[in-house]
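Worksheet for the structure shown next.
Labels run A, B, C and D following the written order; every chain starts at residue 1.
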Amino acid sequence: MEIGLIGLGKMGGNMRERLRRAGHTVVGFDRDPALADVGSLEELVAKLPSPRVVWVMVPAGDPTRSTIGELKELLGEGDVVVDGGNSKYTDDAVNAASLAENGIGYVDCGVSGGVWGLENGYALMYGGSAEHAAKVMPAFEALKPADTSDGLVHCGSTPGAGHFAKMVHNGIEYAMMQSYAEGWELLDKVDIVENVPEIFASWRTGTVVRSWLLDLLVDQLREDEHLDKIRGYAEDSGEGRWTVEAALDNAVPLPAISASLFARFVSRQEDDVAMKAISAMRNGFGGHAVKKD
Amino acid sequence: MEIGLIGLGKMGGNMRERLRRAGHTVVGFDRDPALADVGSLEELVAKLPSPRVVWVMVPAGDPTRSTIGELKELLGEGDVVVDGGNSKYTDDAVNAASLAENGIGYVDCGVSGGVWGLENGYALMYGGSAEHAAKVMPAFEALKPADTSDGLVHCGSTPGAGHFAKMVHNGIEYAMMQSYAEGWELLDKVDIVENVPEIFASWRTGTVVRSWLLDLLVDQLREDEHLDKIRGYAEDSGEGRWTVEAALDNAVPLPAISASLFARFVSRQEDDVAMKAISAMRNGFGGHAVKKD
Amino acid sequence: MEIGLIGLGKMGGNMRERLRRAGHTVVGFDRDPALADVGSLEELVAKLPSPRVVWVMVPAGDPTRSTIGELKELLGEGDVVVDGGNSKYTDDAVNAASLAENGIGYVDCGVSGGVWGLENGYALMYGGSAEHAAKVMPAFEALKPADTSDGLVHCGSTPGAGHFAKMVHNGIEYAMMQSYAEGWELLDKVDIVENVPEIFASWRTGTVVRSWLLDLLVDQLREDEHLDKIRGYAEDSGEGRWTVEAALDNAVPLPAISASLFARFVSRQEDDVAMKAISAMRNGFGGHAVKKD
Amino acid sequence: MEIGLIGLGKMGGNMRERLRRAGHTVVGFDRDPALADVGSLEELVAKLPSPRVVWVMVPAGDPTRSTIGELKELLGEGDVVVDGGNSKYTDDAVNAASLAENGIGYVDCGVSGGVWGLENGYALMYGGSAEHAAKVMPAFEALKPADTSDGLVHCGSTPGAGHFAKMVHNGIEYAMMQSYAEGWELLDKVDIVENVPEIFASWRTGTVVRSWLLDLLVDQLREDEHLDKIRGYAEDSGEGRWTVEAALDNAVPLPAISASLFARFVSRQEDDVAMKAISAMRNGFGGHAVKKD
């Protein structure tokens, strides 16, 4: 198929490559002319046959919103826009409704795969009507992992279903990472246990905790046994917070996922803020030395 | 090699079978004569050549303690006892010291594998001196998964190192299961998402959350989409609690693992006990209707 | 002063009474004519001298929004609307901007006090410009507790500051209640401790945990030692969730407050939903009996 | 009454003073001769009339154990030892049984009050037989707060009941402090709210969250609005950990109390240890910059 692709950064660039290797024609646009195939969205649209499919792969929030706003004016009846970025699921209903005013279809798609996606394929979770999705299907088939029915799923006909599923995927990911991290911290700290990297390595076969994340952690531990070279600091990218927000809206308890998120927040504080208040109260009831700067 | 095996329940019985398939001679004892090869520990010991290796696979706590107490009297210099049960790591120093009084060696070994172990091999985490472990090595090699260096690890020369590592493995397992469970609850509850079992299935390839536990969950969800047939109730087996205890002793924060454990505790309460006190206070400050039985 | 008061339910009715006891003239409106002093908002507005002050005390969300929408048309330059309900702080900027279009001032005010407020006074946390607040001050002074500078605070000139502070107050309240509830559950469960209600009663003097919530809990425990008559079930009213949401927006870790909220969510589930997935996975790796309905 | 008091540090010294103000005769011993009334335990015992009452107020663990071991040899039939230190409740059964071998009674007593106890009285939670406690009662009455039935409670006839109740008191204290600390962090961080110390001050009257801890926090915030002079670092003293341990033993969920404890653990880490593993995994799946030292 022929497909427009907007946003040719690390993810988008690799996706263009994987699509081309599958024989598809990709017209890529990026604000960086060194990466782009065309000089403007107008040019991109002009190069595509009807019905056009344009995949947006730019940062969530304003960049995605403004790109979709421009496409609304450039595309028309029967065309389809895919938002493959990390948009919040609540944006999708807005985008879909806006594009529909001009007869343009909309598919939201969560994409997982990172730097491994080019070779191994991307896991794709999409939402929207089956009719719109059908127009994107050849690209989906090319991007997903080969030789499996996994890696591609229709999460619901409501716009946002795909981003919602991808968001929860990331929430689960946060808590799984926290699970290993907590176990590692304990094993690394106690004197009774030696050889922690090889313990993790041994778990890769025959245990209940085997996983791809475990494989990654083993590789890192074998290079740096006590992770001395890595700072204990982790960003969070939005999906984790949105997962907890969505859970609050739905009265779903997420103790492990929220704990994982909060642990990241704390790791980014220079001094532990809440503990200042704890320390102040301990100072107040006396007898506890307070560390002052 | 020739090896004595005490405890031929679900785990022990399958381990005997796997050892035999590997060409080893196993003399098995169980309190249930229908399962046992010999009628007594005395007979078991008499049938083994020196230095004898006896693997204990009975419930943790008193059964393991009393079995090791009996073996202390029956075995002698140069023999080795393996505790392959789910013993608390603090028991191992006691057992090792006691057996050493009679010149008997001691290896503690955490075993993972469940009903899949017979075919796929067991993951083994052991602690104790290399000298003692060497006498057990042929059995370790037979029990572990084939065709991999994974699945067998020496966790330290201090008795208890193996059980400690297995304990933490289970703590991680609790939190990983909680991670998926929380994500599933949220996805299953919201209207925007359909087709939840297939979303989980799709994650098995190309995503960050792929794992063996995910595979298991997919199988269950495909049989019972909303898990209507399963009660929301989970036991805990000791290792999770010991993991948190060990963390407290070592000032290691385990927010996700402890949250996972507490969630199991709550699931076993007929009525939510702490919430009675919450409700009582709300009643006290007025205006909140309290549900009375 | 003369003041209009809309919403004469449990809270509003008592506030009218406290204002009147202080010598103020209150014109009250409620959809229930049996409670109201006037038959319509038009009549209420007509009865007030300029500049008019109207205090809205109706449920948060649509009822408050529509009431403020009506007042926007009925009031004018120099008048002031107070939202004393449990509105989300993000509503206040919208309300303030809308009313400002017609020259009407706006003060948001979180009110704490429940059924005790009539006698003891209400704790008031307000936001908005000092100029607008000045017009409401006589009412604030009448409603707040007497003989103290506590109980009334200007939380910031940005609309929503008052509701934000009240929201966090409630978040803290949730976690404090959870603190006592957890301690009570443990004390009530163990055999070693007797006389739990009197233990809590003893803590009311000389301890670090003394508080008004403790006083309330003691009263309840003395009536029903094991809280056998109260169901372990607790609603949450919005502020707790908003507190966690605001914390997510600001990367502030709230482990205890969120745990308190999640405990309430779980208490309302007939069966423990996430535990169904835990149980399903345990079933999958075998050997664990699963409770089926 | 006449009473021996061992340990005259900050707590013990003030308790001696409060007992003397009440007209009791206190024979005090301390390793520091400058504080002591007598030069040895032998001398202390010799100065007391039968039946002797000796109150031990030394650090928990070995110091308390060895002191009680010495008293076992010096005291006799009908005498009573009180352990008023912060001992773990499991120590009390051992102490009581050991002293009973020589006919010596035992009372365990948790003491709360800190530097405020001298003037305001100490809250006392005691365990042990009524017969033994009766001999200590005049001292209890002198030490407890005056003019109230609060502040003194018999927690059970089993030795350890008093320390158990005091332990849970401290667990609750940890979570209450965490509750305020989380709320303060959020309020202090957001731009919408000003005047945070006065918000906390206002809560002291008429709100649900009023408490003695709140009073303390207000005093500290008024001196140092953003707590800039205090490091975010908090020790924990044992009781919090034991509370969680006891909860694990009894399958009681303590999400807020454990979260409070873990927050303190994290605050004492120079770098956030678990986050190193999180960061390592993120590094592994690529695309995430990892902060290296």
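Note that contacts are C-beta pairs under 8 Å (C-beta built on N, C-alpha and C of every residue); 3 or more make two chains touch, one makes a residue touch a chain.
From a predicted model like this one, the values you see are computed outputs, not experimental measurements.
**Student:** Which chains make contact with subunit B and with subunit D at once?
**Tutor:** Chains that touch both subunit B and subunit D, as defined above, are A, C.
**Student:** Looking at C-alpha means, what's the farthest chain from subunit A?
**Tutor:** Result for the farthest chain: D.
**Student:** Taking the mean of the C-alpha atoms as each chain's centre, how many Å separate subunit A from subunit B?
**Tutor:** Taking the mean C-alpha position of each chain, the two centres sit 34 Å apart.
**Student:** Rounded to the nearest whole Å, what is the centre-to-centre distance of subunit A and subunit C, using the mean of the C-alpha atoms as each centre?
**Tutor:** So the centroids are 37 Å from each other.
**Student:** Where the centres are mean C-alpha positions, what is the separation of subunit A from subunit D, in Å?
**Tutor:** Inter-chain centre distance comes to 47 Å.
**Student:** What are the residues of subunit B that contact at least two other chains?
**Tutor:** 114, 116, 178, 180, 182, 185, 189, 208, 213, 252-255, 259, 262-263, 266, 273-274, 285
**Student:** Using the touch rule from the top, collect the residues of subunit B that touch subunit C in their complex.
**Tutor:** For this pair, the touching residues of subunit B are 10, 114-116, 177-178, 180-182, 184-185, 188-189, 213, 216-217, 219-221, 224, 227-235, 255, 259, 263-264, 266-267, 269, 271-288, 290-293.
**Student:** Over in the complex, which subunit A residues touch subunit C? Could you list them?
**Tutor:** Those in contact with subunit C are residues 208, 236, 241, 244-245, 248-249, 251-255, 258-259, 261-263, 265-266, 268, 273-274, 285.
**Student:** Any idea which subunit A residues touch subunit B in the complex?
**Tutor:** Going through subunit A, the ones touching subunit B are 89, 112-114, 116-117, 120-125, 127, 144-145, 148-158, 160-161, 164-165, 168-173, 175-176, 178-180, 182-183, 185-187, 189-195, 198-199, 201-214, 243, 246-247, 250, 252-257, 259-260, 262-263.
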